[in-house]
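In order of appearance the chains are A, B, C and D, and numbering begins at 1 in each one.
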């Protein structure tokens, strides 16, 4: 059962990575990169590292996305000014 | 068995991240590529620490303290990756601050507009 | 054209570099000597159920001190780069639903963060995770409440206090002549209790406070403040 | 018997993650993608609970709690960003 979960999640993660590279919209790319971090924490849990899984779940899903959004907002605001 | 799958997954993510860093023109896309490569590296290191059929190195009702050495996975890669993830967040924040500052100077996010070092 | 060829070459080189790693890979069966020593030492000498915590705080304690320093430098770097660029970021009036939900949820997130870093030696988690969770609680407060103001002097005080206390515990180990950052300066207690494992919970709580205040300050700097 | 049911539940959770991911890729607007991300997170929590059962470790459930609370913060941040952009 566990190998099936790993293969399923791995295919989704690779698809999300390729989508994050090729999306036209930056916001969509950031959300795709967030999906990779979210699913990576399940992989860490299966590999027997709950500490790493907890770190990845809190940083990958929350703070990285938010920091990207803050930077994107500052950049977009400048664009609308001129 | 399990860890060879995750090893391949980590290497694939690392290569996709490097490809994004090399080919994309947008600076924020490059940072996204860096973050993908970061995740791939962490998955590789954690898979190298996995031992077949063993469980997390935390002693509770499920793992007795007497024969813990025969039952747990390697704790050292976990400890290294734990700090590396937090450092990765801080590095991402610094890179994005640089990008915001560069944008304020040149009003552009494309790498083609930054030619000071081109020869 | 040349650029495409170069990119292709680089990717092929990477694949060739990692190919032996995949083909020669064999899943390991047993712990190596160093790791087995860490596991036994953590259980028998330090009374710490979570082996990862004892590796981070004790065996690789100097690494962690350096890592916290890197985090501090990153905070300073973000602050210097974005200095004087205060913009009102996401502060818009929030709806009734979001305000009520987050006023309940912020308290729960803070309690969860404190639980995670005080129980770092018993359950998964610890200072870094707890600090990140606390920073997320402050972030939710910032996102949902228009009138909240972050007090910078308290934040800086918490950060410098926890840093100084962390190094102070390390130096106390030197003074007692048992080694830098040795948790044996406090009694080891009984295996599996909250107040056990010597100074490990204290050190991890200090790391949690430091990481939490540093990440909050990165978020406040990048998000901008009124 | 119980194991069969749990395995079936895990398969269903995997398929649901795949469906939500398809919406995230296809979704014409960012609002669609955000809702798909939220749905994926919630289904993944059930997957984590399955793994905790399968490996017989109670302590893994801590990760599910952190996962649930943190994903809320991320979704609120994206929603505020979209609200500001309008």
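Going forward, a contact is a pair of C-beta atoms (placed from the backbone, for glycine too) under 8 Å apart; a residue touches a chain by one contact, two chains touch by 3 or more.
Only a predicted model underlies this, so the values are computations on that prediction, with no experimental measurement involved.
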Chain separated most widely from chain C, comparing mean CA positions: D
Message: How many angstrom lie between the centres of chain B and chain C, each centre taken as the mean Cα position?
response: 16
Message: From the mean C-alpha coordinate of chain A to that of chain D, what's the distance rounded to whole Å?
response: 12
- prompt: When the centre of a chain is set as the mean of its C-alpha atoms, what distance in Å lies between chain A and chain C?
  reply: 19
- prompt: Any idea how many Å lie between the Cα centroids of chain C and chain D?
  reply: 24
Query: By residue number and range, which residues of chain A touch two or more other chains?
result: 2, 46, 49-51, 53-55, 58-59, 62-63, 66-67, 70-74
- line: Where chain B touches two or more other chains at once, the residues are 1-3, 8, 19, 50, 55-58, 60, 72, 78-79, 82, 86, 89, 93, 96-97, 100, 104
- request: Mark out which residues of chain C touch at least two other chains, giving numbers and ranges.
  value: 50, 52, 85, 90, 116, 123-125, 128-129, 132-133, 136, 139, 215, 218, 222
Message: Is the chain-to-chain touch network here best called a line, a ring, a star, complete, or other?
response: complete
Field: Touch list for chain A against partner chain B, complex
entry: 2-3, 6-7, 10, 13-14, 17-18, 20-21, 26, 29-30, 33, 36-37, 40, 43-44, 46-52, 55-56, 59-60, 63-64, 67-68, 70-72, 74-75, 78-79, 82
Task: Using the touch rule from the top, collect the residues of chain B that touch chain D in their complex.
output: 55-56, 58, 60-62
Task: Spell out the residues on chain B that touch chain C in their complex, using ranges where they run on.
output: 1-4, 7-8, 11, 14-15, 18-19, 22-23, 50-52, 56-60, 65, 68-69, 72, 74-76, 78-79, 82-83, 86-87, 89-91, 93-94, 96-98, 100-101, 104
Query: Okay, in this complex, where on chain C does chain B touch?
result: 7, 10-11, 14-15, 18, 21-22, 25, 27-32, 34-36, 38-40, 43, 49-52, 55-56, 60, 63-64, 67, 70-71, 74-75, 77-78, 81-82, 85, 123-124, 128, 132, 191-192, 211, 215, 218, 222
- request: In the complex, go through chain B and note every residue touching chain A.
  value: 1-3, 5-6, 8-9, 12-13, 16-17, 19-20, 24, 26, 28-29, 31-33, 35-36, 39, 42-43, 46-47, 49-50, 54-58, 72-73, 77-79, 81-82, 85-86, 89, 92-93, 96-97, 99-100, 103-104, 107, 109
